[in-house]
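Two complexes are shown next, each including subunit A; its partner changes from subunit B in the first to subunit C in the second.
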Partner chain A sequence: MAVIGKTSLKGIASGRSPAWMAGLVALVSLLVLPWGRTDRSLLEFDSKLLVLNQAPWLGGVLLAVVAVLTLSSLLHLPLVQRGYALVGLGGAGFLVGVGWLVSTSVPFGVGALLVLTALLVMVGIGLSESGIIQNDPFVTSSILVCSLFVLLFIAYPLFTVLRESVLVKGVFTLNKIQSVLTSPLFISIENPYTDHSEQLLVNLTTLGLGLLGAGLAARGGLRGPRVLTGLGVGLVLGWIIGAGIFGGGAFPTSLYLALIVAPITTALGLVFALLEQRSRAVWVRRSLGVVSLLPLITPPFVFAFALIYWLGRSGIITSDLLGLKTSFLFGINGVAIAQVFAFTPVAFLILRGSVQGLNPALEEASTTLRAHPWQTFRDITWPLLRPGLAAAFLLTIIESLADFGNPMLLGGDRNFLSTEVFLALTGRYDPNEAAVYGAVLLCLVLVIFGLQRLWLGNTSFVTVTGKPGAGNFSPLPVWLERTLQTILALWGLAVVLLYFSIFFGSFVQIWGINNSFTFKHYVDLTNLGLPVLLKTAQLAFISAIIATLVGFLIAYLVSRQQFWGRGLLEVGSMLSFATPGTVMGVAYILAFNTGPWLLTGTGIIIVLALVFRNMPAAVRGVISGLSQIDKSLEEASTLLRAPSSTTLRRVLIPLLIPQLLAGLVFAFVRGMTAISQIIFLISPGNALATVLMLRWIEQGDLGRGAAMATVMILGLLTVILILFAVSRRLGRGTSLEAAV
Partner chain B sequence: MQQTVSATHTGKQQAVSVKLEGIVKKFGKVTAVEKVDLELPAGKLITLLGPSGCGKTTILRMVAGLERPTEGRILFGGEDVTRLPAYLRDITMMFQSYALFPHMNVYQNIAYGLEVTRRPKQEIRERVAEVVQQVGLTGLEERPVAALSGGQQQRVALARSLVMQPRVLLFDEPLSNLDAKLRKRVREEIRDLQQELGITSLYVTHDQEEAMAISDLVVLMNKGVIEQQGDPRTLYTRPVSRFAADFIGRANFFEGHYSAGHIQVAGYQQPYQQEGISGKVTVMVRPEALKVHLSGDGLDGTIHHVSFLGSSTEFSVDTPVGRLEGVVAGDAPELPGRGERVKVQFAPQGTFLLPA
Partner chain C sequence: MAMWKRNVRWWFFAALVLTMSTGLAQQRVVNVICSVTQNWCEALGPAFKQATGIDVRIVSVSTNEALARLRAEQANPTFDVWFGGTGDPHYEAFKDAITEWYRVKAYNDLSPTMKAAIGTTYIPLYQGILGFGINPKVLQDRGAPIPRCWKDLANPAYRGLIQVSNPNTSGTAYTLIATLVQIFGEEEAFNLMRSYHRNVAEYTRSGVAPRIALGRGEIGIGIQFMHDLVEFKKQGFPIEIVAPCEGTGYEIGGLSLVRGAKNKANGQAFMDWAVSPAGQQVGFRAGIFSLPSNTKTPLIEGIPNPKDFKLINYDAKKYGDPDLRTRLITRWTREVFPLPRR
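== the complex of A and B ==
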């Protein structure tokens, strides 16, 4: 805590500053830790790397600045004047340090990292103590450090993707974009080896759907803008469908895939949400809780992998039952099926909120006005669900576009945007091409996010706010419930079979060919996979801790503090949520491969990639937790002389422990199952379980892959169940709310 | 008891005066407080009274340091604290929601501020014990705060504030969550403790009765400016404006004329003395100053209704200047009944003239 002089009658204008702690860290780092690096390892140590040896004048300047500031922080000096000094000198030192790194392109060392962070903290303390900013020292420093993090690890990499797509070997050019966008890999309509014209077919579909759209829009009356919108939407959809079916290339294929997957998953999600809230049968309501867990504990391409067992060239259904030698699974069909299984729980989670948010009183009102249950559903329930449906629809489009594992495994000869990003970089060694693909994918996703915000606003998930009124939901019409239950049962059966195949496959020699029992795969896994699994768990755990802490801090800052740029910090921290994993991965490769921010080849970059991937979830979790805590609790703590760091530690964190624990566990679990953003970033010492699993499956070592998947699924399930048990034990949620 | 303990622990804070100089607070384009100058004498209890949105809570929060004024200075006994962060101001506050920490018990809540400021364990125990006794919470120290009644939670909040021996104690509508009877009792307790301890206190409320009952000085605010300040009696008997008269108590207003020591209202003339006003005026008459008689001199009127409320009887009377409301203490069988023609007079101590 700040050792600030006791307020005297003359005023508190003087005292010590907590900046001395940061100053001391900086001082020690300057003297004994390496400023720069010569290779990738951050742990490298050599006296030549000390700042005084590496750049004597820089070292001298920084040492002087830090020494002066540290000393003055320890003395009882006027707060305001010293505040200005901290801001001025500290800021200058920070800029000089960064400037040196950027201009010399020497990779930063541990020392530089600590010194620069410490200087930033001192600037923050100075801003606060001088009264320039009306937040306390801890908050101001946190704002600066969090902003730097977001800037360096989210904004800068994304900017790099855009830059690399127009900057080839240091020269600005649009040629790369042009050549990629016109290449057959990106888009191709005409196939010269067929005797009909694909272009014509695509044009016909486009025109047909365009007219259909205009016609549908005109049904409700001939109004110009409406009809034009209908025409536009129809044309776009028509082109996507036409080009997706008859043409090829990553762009139409990805969009077409998303257009198939999104409606199906949204519909299934709605079915499950309705059943969970309205079903008469208890077992139905209960079992759906499990559905929401599935995507958490399953690595993203496990369904694709299991589908190969069932529907592949020698799959049980396709080959053994039907006697087909078909490869229909490999292409859009297979990817679509796998994605439906993977993303339905996501749509379910969103729609569950919408269905819960419905006010039963509205339906009761409708019933008392003598509406038939079906009329009530059509006229009341359905319109209220529409925003949630739109949200689920758009989100599954984004998920589908961003998905990497399924297209990688099942894509066959089709190209997808997210895999092209990867293949351009690792297969064709063309970072600029990868950047162009990344930029296209990023723009698509941001446009869809923009549409979602535009149409639905922030509160789209809950259609009716306020306390749910008393009253019970009218149960679903019987025939509807039967139908929905059947769908659920089929889906459940398929999922069980898929999981079972993974489990079974891990215990037999070669499933379908030699079904004799064996532990061979687990022996292999112990030898080859165990170290990787442990390493993955280690990296995921570190990243989960950082993500939760930084996420908590950012959530606290944006929801509880007023400062300039608050909106930017929030948007910045959420940007990584919107960014497809492959784009983030290629962004990290491009941004941190050389120069002062060299990080590739280390475990740190994997940790960072995971941190900024999983942080938005932590941020949102904490924000929603904070919204339940009366702000006057913090004000009371402040007025009882607690600086905000103490308020955080003694009031907010204890009250938010359930949210933080959940955030930590989910970040860990997602870190374990991540693939798209880290497949670029692995290095010999830092292999990851999902990547290894993907490689095994691609090589045909299905049994070994299955063993790995089984271990991961069971392990993660255990972790989640422990979390649930602990949260239940804590069980403070309700009593806390009652007291606030 | 209290004196001895205080003497052993660094002594009580000297009561300080609080001074606001030219305070302006803007939220974006909205001006919440406009050029407020205000002085709170040391050791007194001052109430900021006004309708919601008048800026009273904003002023309180600026004194606390939870908001920073857009312009102007805040001084505690001569020391400029405008830029001093809230946690260094030596102020405590009673919140409308009590703001008790739900994960701590009564003792932990009260001791929180002392622990945060690293007081010795022994001192914390003694000071908490003392204040627990003062507010009458003895025996409840280990209870979780959620298990307390509203009134008890209120006391914990008070104890938590008092134990810090603040230079200034702030109250943000602390009684609005209590029921009417409890509210009256707690406000008397607060007043007693405040006078006993002599802490400069700033109290925000929109309840004029509460303000009158508890304050040394009432500051009436309207639309971000101070309408009037003074002791409760002055505010009631000599309001500066129609708003002030209307907000503090009930009042009848009507047109009149004042000259040569007489009020003239619709042909009726009554002697009345008030300095510094003449010509066309707005006459304010408190309900209890409205006197009706069946005969004699007075403004012509007809009784409109009479309702017996137990401790008082309310009536209204239609006159040439409109319907006027009156009240008399207790049951009033002598009061004329509905429809009876009466003469209305205005008792001087409940009558005041405002510029027209």
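== the complex of A and C ==
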């Protein structure tokens, strides 16, 4: 980092500007690196692609701008005036460069990328030095670069989805939306082949639950708005349940599924969270530690795959034990079971936070006042848990709606919104239809996020500041503890059986038909799957590093700096987390397939998709880590005249190493197990392990799929255990919550 | 300690650069999108590399998915060659200028009947014949007769026992629809599909998939190409193969050169090799039993031969037409698929 020599001459601050470094990068890039590309490869070096050959006037303008700015940055000049010049000229150069790319539709090259980023950095430095923005140069340019990334890789793709749903072959039309929304794939209720009327049944259910909701709401006193809310909620739930049971189509099916999965998952999560806090048995805590690890290391559809072994048409339980030949697993039932297994640990991790936030003193007070334990639970514990429960409930709904692998394997003939996005694009090749499904899914998820804010934003339930107060929780009543332990034991048994079946399946010839031992699948895996696994690990690793760095920067900016648009940056960076993976996948393929941002068919787009998918987790992890670091440390550093980049490097990063390490490992693990966002993006030489595994399973190479799953689970488990060991040596624990 | 720390940083960067740079810059390469079974796709690369020294990078996806990918990338294709999959999408790709016709070196040796059926739209790679795979034990347990004809499929005794693929994702399923329409006429064909729809346990994504459930005894009847069934039967699964009495349709598996391919010469070399006897025998070694297009390829036992079956006169040109194809699939999606089966 350059030392900024600031001298005061006649009251006017002048000096050199750190912008010269960015200027140098831009100069070199302009002269040596390719500005545009002819093809997908970013590493295409041909003198014809230099900006001076490709577009002489553009190259001349940019060279002049960059040269002037670099030179002026090296001289002792008044800061404010040069700041304005940096902003004006740099901004103009940036706009001209982007404008050229967009208007000519030439895919950007490495050079263009570096030049534009460098210009943006110079604008940032200028904004800061001229005093237009009251942050230091490093912070300002970071804000600009981060905003550019969020705009380009999150907002722009999502905007493309919305645009494609109303823009068919360049013409604005609502026909596509109409034809999709009226298609029987989207929603179908009446079935002409039955004697009864499904529509009537759905209407009855809707009305019934509506009245029930209104009645329940009116119980506490006849207040208009309350009753109306109850009626509305009841009607919506009634319609979803009615249409889910009696009708079909992706829309009701997905919602109905989410409504089944969310309460079960939340309840199980609560059971586990309460047990962890209050159980007297040691085995309970130990096994819960394992439980919380599972969702991280398991590729998303592995539970579904294992369920086929146990409950499928020739499954052990259904066929061998009960003698049934049933297809009950294939449809909503199976997907719901698989999702409960997959999402319960997630709900547990969320609820663990709010259960640990409870203050035992409140319950003690209640007990001292001779309240019955049940009364204590109902009047003290439950209201305090409600926000956590709501959060877990809504998050599970979102996860369920977004889930792709389980419906793909177990969906049978029901269709789901997330798989329909995929099938519309890959099967019927109708990008507009895929966009409509994507937009519907996106809207649903955003509505649910809105609900969460509305519901939880009103009341403050904060009872504890900092660490929980002293005191111990009274243990659970014996009968309750027994019941909860039984639930946990059953759940654990089921999980063990499911995992065991995958291990077993990877070592036998044909599972269930020829159970003789073989290493065949592992030999096949070594030949066919190993290169793919290594490639996947490589891409996941690169994406994890970038996600952690960008996530760290955004977290720092959002939680430690004040600037205009801070909220927007935070919401923008979180948007990709809320967006279902298939929608993001479609968005990327629609947005980056042609034109200046051509990236499809490369490994880079996979890396980017993973970066922006996993970055929000890193952001949250770092924000929570930062909240534990006293600001006075940074203030001390600032008072000693260190620029904020130095403070970041010398003060914050060393303190945040555990969080960063955890963020890195979790981003890597999530990258390895991702499927929905990257299934569209695979390309020659960029095959990915989860996609290959899904294809193997679909084509009947179950043993090979099981071997791949086994290797992945064991490998990722090792990675996580190493992380735990390392962070223990660093003397700080790692919280799993950051990974959810 | 400080030394170590400084070094760590450089090691880190070195490792980063290394991971980022591996896998780049391969010289002689051909990018193939592959729509036959995974085993076959996986066997192609090593064999071709051995024969020519050219690297093959393969992405295997089902036929319709492949067409979708190629269409999406039409302006700027990633792939050079499209290997395998039912012919209709290959025909459609040619019509839409996504692929171009290339006269392979062994063109004169290719089966005249296959060439006549498709003209100069794509290169015939193999012929596959639609049929029923049955699991006799499952049918026996249910007390259901062995189906002999398409119309038999509507028998309520088969409730929940049939699997067939979904035409929205599988070329096999579209071949089935086109076959039924050619045998019975469109209205009657759709009536038939509606009536056996109630017996279908599940529509699979991939055309090959029904044999899995069939072999495991989960269903009794799988409708798919016979050669995939032969392969499964040879692996030891208890299944039998039936050709429907009304006659049956077939596919002429396609091989196409992508228009605007980046590695055109390598792609052409790959195509020349793929229809040579040596290239076609790779399929046999991967356990494939479809009839190869090159008449000089020495056959192996078990390949379903068109001479032994009553084949319809499949009109590849008419039914490969994108508009008709879209219309039929849309009609199926709207009129057959959503009907409840409970």
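Points worth noting:
Keep this in mind: the second predicted complex is superposed on the first by the 712 of 740 C-alpha atoms of A that agree within 3 Å, B and C clash if a C-alpha of one lies under 4 Å from a C-alpha of the other, contacts with A are read in each partner's own complex, and residues count from 1 in each chain.
Everything below uses one rule, namely that a contact is a pair of C-beta atoms (placed from the backbone, for glycine too) under 8 Å apart; a residue touches a chain by one contact, two chains touch by 3 or more.
The shown structure was predicted, so the numbers you read here are calculated from the model rather than taken from an experiment.
Within the superposed three-chain model, A:651 lies in touch with subunit B and out of touch with subunit C [touch as defined at top]. When both complexes are overlaid on chain A, the residue A:194 reaches subunit C alone and has no touch with subunit B.
Of the two partner chains placed by superposition, A:320 touches none, neither subunit B nor subunit C. Once chain A of one complex is fitted onto chain A of the other, the partner contacts of A:46 are absent, as it touches neither subunit B nor subunit C.
Using the contact criterion defined above for the overlaid structures, shared-chain residue A:379 touches neither subunit B nor subunit C, since it reaches no partner. Between subunit B and subunit C, C touches the greater number of residues of subunit A. Residue contacts after overlaying the shared chain place A:636 against subunit B, while subunit C stays out of touching range. When the two complexes are laid over each other on chain A, subunit A has no residue in contact with both subunit B and subunit C.
Taken together, the subunit C residues at the contact with subunit A in this complex read 16, 19-20, 22-26, 31-32, 37-38, 42, 57-61, 64-65, 67-69, 71-73, 75-76, 78-79, 160, 166, 168-169, 200-206, 208-209, 211-213, 215-219, 236-237, 262, 329, 333-334, 337-341. Contacts from subunit A toward subunit C in the complex involve residues 39-40, 43, 183-185, 188, 191, 193-194, 248-249, 312-314, 325, 327, 330, 408, 412-413, 423, 425-429, 431, 510, 512-514, 528, 535, 538, 541-542, 545, 589, 593-594, 598, 600-601, 603, 682-685, 687, 695-696, 698-702. Residues 1, 4, 7, 9-12, 80, 128, 131, 134, 136, 630, 632-633, 635-644, 646, 650-651, 654-655, 732, 735-736, 738-740 of subunit A are the ones touching subunit B in the complex. Of all residues in subunit B, those touching subunit A in their complex are 64-66, 68, 77-81, 83-93, 95-97, 99-103, 112-113, 116-118, 144-146, 160, 164, 170.
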